[in-house]
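Note that subunit A is present in both complexes that follow, paired respectively with subunit B and with subunit C.
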Partner chain A sequence: MKFSADRKSLSEVLAQVQGICGRKTNLAITSDVLIKVAGSEVIIMANDLETVFQGQYEAEVESDGIISINAKKLYEIIREYPDSLVPLNEIENRWVEIGKDNIQYHIVSSDYDNFPETPLIEDIPFVEIESAALKKMVEVSSMIGFSSDEKRIYVLGALLEKVVDDKGECLRMVSTDSRRLNCFDATYEGEFIVPDENIIIPKKGLSELGKFLDREGTVKIGIKEDHFIVQKRNETMMIKLLEGDYPDYRRVINTEQMTPVEMDRTMLLMVMKRISILSSDDYKSVMFNFKENQLVVTITNPEIGESKEEINIGYGGEAFESAFNPRYFIDALNAVDSSTVVLNVKGAKNPCIIKGLDDEKLVCAIMAMSV
Partner chain B sequence: MVDVRILPDILSNKIAAGEVVERPVSVVKELVENALDAGATRIVAEIEKGGRDLIRISDDGSGMSRDNALLAIERYATSKIFTDDDLFAIKTFGFRGEALPSMASVSKFTLTTREHDSDVGTRIQINGGKIVDVSDAGAPPGTMMEVRNLYFNTPARRKFLKGVNTEMGHIADAFSGMALGNPHVGFRLLHNNRLVKAFSSPADMKTRAGEVFGMATLPYLCKVSMTQGEAGVTGYVSDPSLTRSTSRNLRLFVNNRLISDKGIVAAIFKGYKGRLMKGRYPLGILFITLPFDQVDVNVHPSKLEVRFSDQRQIFALVVRAVNHALSGAERSGSAESLPLEEPEEIEEAIVDGLPHAHPRPVHTSADQRKRAAVVDRSLFQWGKNHGEPAKNKVSELESDLPFPEIERGKSSAPEVAVKPEGPEPGSGKICQGCRPDPVVVGQVMGTYIVLQSDSGMILVDQHAAHERIVYERLKKRSDSYRPPSQTLAVPETLELTYKEADILEQIIPELEAVGMEIEPFGGTAFIVKAVPAIIDDQDVRPLILDIVEKLLESGGDAMDDTREWLDECIILMACHTAIRANQVLNRQEMETLIRDLELCENPNHCPHGRPTKIQWQRQEIEKLFKRIV
Partner chain C sequence: MILHIDMDAFFASIEQRDDPRLIGKPIVVGGHSKRSVVSTASYEARRFGIHSAMPMFMALEKCPHLIVVQSDKTKYAAESNRIMAIFNDFTPVVEPVSIDEAYLDVTGCERIFGPPHNIAMIIKERVKKETGLTCSIGGAHLRFLAKIASDVNKPDGIFIIEQDQIPEFIETLEVRKIPGVGKRAMEQMEKLGIHTLGDVNRLSPAILKHKFGKFGTQLRNYARGIDPSTVGADGPRKSISSESTLENDTSDMEFIKKQLLAHAQRVGRDLRRQELLAANVTIKLKFSDFTQITRQNKLTAPICSSSAIYREAVRLVEKFAITKKIRLLGVGVSSFSDPGTPVQLDIFESTERKEEKWETVDKAVDKISRRFGNNIIKKATLNNPDKPE
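Up next, the complex of A and B:
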């Protein structure tokens, strides 16, 4: 195998797969990338058994071949390489030579036979979706994380669903950690065929996918057996789905019996940022006191002190007091696009459901705390 | 009251003979059914040792005259059937006249009964089938049946009784079943003098279902109602999102008789049509009514099964009724919000005479914190009259403090703890006898932190140390506040064994006090609706199961001392929250950990009593290296 490729684009690709290859697994080979050279093309693959990346790139090929090489080292070498073209050459016994003339590396590669198999992507009924919309969907979902020893499937993964209502069909992604729940809808072109099982996409893979997606253009997405597949022009990402139940999230985001309160997004965001200065791991709840045309937000942290802010709002419902974690408000408000947000509330202990004004795409439900 | 007569031979032969009293639960079932047949509106069951020692059922039904009572204990004596025709259209629960004599022959049996219009009651005592005493007795109107020492005269059978918890589990199950079937009757079940179940009367079917399955299940119950010809199906089945791993919470009634029938269960499943996950069972109560002559109830010795004359028609009706109920519920919007009823608010009462005492930062004494926390969450009066009055309050309280300075130094200025030099009062704690100011050298094995102190070397177990820190923090908190809790978007379901459920049920209020809100969710299932905010990023299921397990091991009943239990619970929480072994820490994390540990009241041991640190004096080390002898 011998080829030369554009340093910049190769380094960008390798940067992208660091997340996949950098994960600690007991299989050392998953920290490698597979480089396959055939014709005038180089195929680069990363696979941690959960998330698979595959891309095809133009290159000046002298001879075909396959190598499996440590992704991190290769990336670092190529990133720092001074010329615009990097030559890679498998010399013998899996030794790979990178560079030429006065800069040369000899790197041991591994037996490519051990590289995990890539799922076949043939005859997948793809639908087309705007890359920016999918990116937002993925970002909104991976915003809600999980801790390292988490075992609940519905916390580890986000649900992808086809929703059909009077406005037509759309794709919906739901993500929760039980303390809050985000739900994002996006339209698409084509016919999305829903498999029998729930589509639960691991959030780990979603955060890789977020990096993978651009802000313009469209991508194709599809489900093949137990993989969620996203295809850009010359690059593909496949994420192995999780298996399990997903709770009935619709109950959580239902605002039918709630009172909507409109607020300026930036203003509320600032309030939340200021008020959370006094929150700490042990005292993370902020009191929201809804009164006629007024919202009073207070926090008391016995270890630091307290703060209070009053906001004028259009609220005519019954006065009540409820507690929330301000961090979740900050996240939600950052995700909403409209300049006016609608908080749907209903007495103490009920969730607060945030949407943009006249925007049903994003729904953020924040569960109450009680003090 | 209809007189009791002895059934003519032919008739009694037609009645399926068999073991009536198979185990304690059969006794309970027969006696409760008798009470229901007697028109009772309130039934109390008192059980001791899972029914081994005592089963006592009292009712306020018709009662019996002395003659009738004496007849009732004869075999094949019943007031409920007279002719062949009656036998083929049985409307009452009992019909064989077999239950009382059967149980009286294998126990120490006492029957006390009084008719409503009679002044005096009758008491009959039977010992292993022999009448030992018949006397007048003062008694409230109604009947009380006592079965003591079941199988005392058949030791082999007694040996076959399962453990107290198992037998009691069956009893509670059957009892709940009968309560579901008879919502107009009030039921109470006591075990070892402790109230286990209480169902109010009169209730409607849905309220009763809520009482049995847990109020939180109510929003998930879909009404079933369908008739066809003379047959009808009514009741409730759960939304497919509410399921269990056993069919125990699926209760079937045929003409109000609690029965089990695989065919009907299959029909219900068919009605769910792909809405259920494999291996999952819905909750529900289903009442099938049909003319008495179209169902034979006399096919099973414990009357647990029936035979329909037109089985296909009944099954088809059940399938349609269930399917209709579920699709109806879906159309009308599964829009019901999560069951988030408010639990009783903690009384915001003023504990003492200080109506405006304000909460103090943590450095006040525990008592003051407690009082303050309950009164108001704010330190100052916000708004108008700022400044003066509030400030006065603060200093007023301050002067109450026994050692304000030391207390304050402890929490509000923790930086002092890791000062490079200078003995501070109260430092020196890290190890008895050694100077403070240990310097973090590093971490070994991802588990132990190496410290150098003036006099030697200290090894700290990071998990044990952090456990201690979290434990003291939580404990301090729970002494003064109800810790904030986080409501869950997805309430966690816990499915427990009867034993575990029994324990958990008892500790619900205590868990609530630490911010964990749990509600019964039908049978032995529970839902966790809110968790303490301090551990809100964790799956609480393993934690709760762990707590229950611990209590089971420690005998469960030994829970009088709730403080001790709470402590146990906090220890477990601390353990689940604390950093683990094999977790790489950076320098800052290690230093914070050591500093926080030093601030603990008992820094030398983790809450389980294991040491948090081990120290080697310079001399000991030198000896090991044979530098000195």
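Up next, the complex of A and C:
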């Protein structure tokens, strides 16, 4: 195997797969990238047994071949390489020579036969979706993380659904950690065929997908057996789905019995940022006191002190007091695209559902704290 | 000045106090079963060579007319609380190390109660008057010496090492008396010709470190009269647990569950008495081959009801595929939180904490138990003589 590739584009691809290759798995070889050279093309693959990346690139190929080489070291070498063209050459016995003349690396590669198999992507009914919309969907979902000892499937992964209502069809992603829940809708072109089982995409894979997606153009998405597949022109990402139940999220985001309160997004965001200055690990709850046409938010931290802010709002419902984690409000308000937000509330110990006034795509539900 | 107070033959003395027929007789406190060990021997029994942790059958061989008294942990714990409360009248810095032993830092108390020897005398008198029990008190400016001192005039004695007596005391102190020097360390010491703590000073720090590791450095510090450890007042408890060795090794899941239930109830009662919630449940299993495992589960919502603790414990035991017979089992809880601090609610659950109903039941049971005794009301499944209460 011998080829030369553009340093900048090769470096970008390798940067992109560092997340996949950096993850610990039972197989040491998952920290490698597989490089397959045939004709005038180089195929680069990364696979952590859950998320698979595959990309095809043009290169000046002298001879065909396959190598499996440590992704981190290869990336570092290529990133720092001074010329615009990097030559890679398998000399013998899996020794790979990188560079030429006065800069030369000799790197040991692994037996590529051990590299995990890539799922076949044939005959998949793809639908087309705007890359920016999918990126936002993925970012909003990965915003809600999980702890390292988490075992609940519905917290480890996000739900993907096809929603059919009077406005037509759309794609929906729901993400939760059982304290808050985000739900994002996006439209698509084509006929989306979904399996009978829940589509639960691991959040680990989603964070890789977020890096993979551009802010422009369109991508194709599809489901093949147990994989969620996203395809760009020359690059593909495949994420192995999780199997499990998903709780009834529709009940959570149902605002029928709730009172809507409109507020300026930036103003509320600033209030939340200021009020959370006094929050700490032990005292992270902020009291929301809804009164007639007024919202009073207070925080009391016995270790530091207290603060209070009053906001005039259009609220005519029953007065009540409820506690929330302000961090969740900051995250939600940052994600909403509208300048005015609607908070749907219903007494203490109930969630607060946040939506944009003229943007129904994103729904953020934040569960109260008990005091 | 640090005082170390050690109750004299604590459990046995309580039993002798409560049953005058036992006074002056060799008695031991422990279980009656064939696997029991002696938890405390009265001084009369000690004359036969009987000591704590000795298997009961062996104790009976040494002294056939030995009286074995069934231990009553609840009674001893209550007595211990009374005694610790007395200590607290003298200084706020009381560190209980076990049920019958505590360190007190009485620095600065001299102006109220007089010199350390006086303080020790007043404490002894009060303990004697209020509980009828005797204790031994050691005092020194170094914590490790206070402990050694309490043993010097045991039982019912006081021994105070003044600052200027420390060098001499260290010079002649037998190393085997130092806490932490066990049988194996003793063998090494003999080989190196160390008999007293003073001898340790004559060895190079390198040899000490090489032979005894970290403990070597500590020994050297002791020998030079350095012990930076202070008396820590009782900090907040980090965990609550209950465990017991079974009468017979078993793999009978029904029986195991009953044991877990009994432990869960004890742990739950303790938890609720301290008005805490726990977010972590632990189980401990020791098998017939003496290997042991612990498993824990972190909960999303903190609990305090016995039923919830039991449910989590059973889940943990069932998840661990048991292949060997179980010899000992225990249940514990940790990661405490104050029920007053706000708790993040679960978005998919109903608005109340799920366990609240059982907590109400448990709290009612706790009240009844406090008034009428622990066995007056219990789960019907526990109504058999195998309970570890």
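Note that the second predicted complex is superposed on the first by the 371 of 371 C-alpha atoms of A that agree within 3 Å, B and C clash if a C-alpha of one lies under 4 Å from a C-alpha of the other, contacts with A are read in each partner's own complex, and residues count from 1 in each chain.
The criterion applied here is as follows: contacts are C-beta pairs under 8 Å (C-beta built on N, C-alpha and C of every residue); 3 or more make two chains touch, one makes a residue touch a chain.
All of these numbers come straight from a predicted model, not from anything done at the bench.
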Exercise. Overlaying the two complexes on subunit A, which is it for subunit B and subunit C: clash or fit?
Worked result: clash
Exercise. With the two structures laid over each other on chain A, which partner does A:T176 touch: subunit B (first), subunit C (second), both, or neither?
Worked result: both
Exercise. So, does A:T300 touch the first partner subunit B, the second partner subunit C, both, or neither?
Worked result: first
For this session: Using the touch definition from the top, say if A:N254 reaches subunit B (first), subunit C (second), both or neither.
Result: first
Exercise. Of the partners subunit B and subunit C, which touch A:D245 in the superposed model: first, second, both, neither?
Worked result: first
Exercise. Given the touch rule stated above, what does A:K308 touch, subunit B (first), subunit C (second), both, or neither?
Worked result: first
For this session: Identify the partner contact of A:N70: answer first if only subunit B is touched, second if only subunit C is, both if each is, neither if none is.
Result: neither
Exercise. Looking at the overlay, does A:S109 come into contact with subunit B only (first), subunit C only (second), both, or neither?
Worked result: neither
For this session: Please name the chain, subunit B or subunit C, that touches the greater number of residues in subunit A.
Result: B
For this session: Please work out whether A:T51 is in contact with subunit B alone, subunit C alone, both, or neither, and reply first, second, both or neither.
Result: neither
Exercise. Given the touch rule stated above, what does A:A365 touch, subunit B (first), subunit C (second), both, or neither?
Worked result: both
Seminar exercise, completed: Intersected contact list for subunit A, partners subunit B and subunit C 149, 176, 178-181, 247-248, 252, 282-285, 323, 325, 349-351, 365, 367-371
Problem set entry | subunit B-facing residues of subunit A, complex | 147, 149-152, 154-155, 176-181, 245, 247-252, 254, 256-257, 281-285, 287, 298, 300, 302-303, 305-306, 308, 323, 325, 348-351, 365, 367-371
For this session: Flag every residue of subunit A that touches subunit C in the complex, lowest number first.
Result: 149, 176, 178-181, 247-248, 252, 282-285, 323, 325, 349-351, 365, 367-371
Exercise. Which of the residues in subunit B end up touching subunit A in this complex?
Worked result: 241, 277, 333-338, 340, 342, 359-362, 369, 377-380, 382, 411-412, 473, 477, 481-482, 484-490, 492, 515, 530, 533-534, 536-539
Problem set entry | subunit A-touching residues of subunit C, taken from the complex the two chains share | 298, 300, 341-348, 351-353
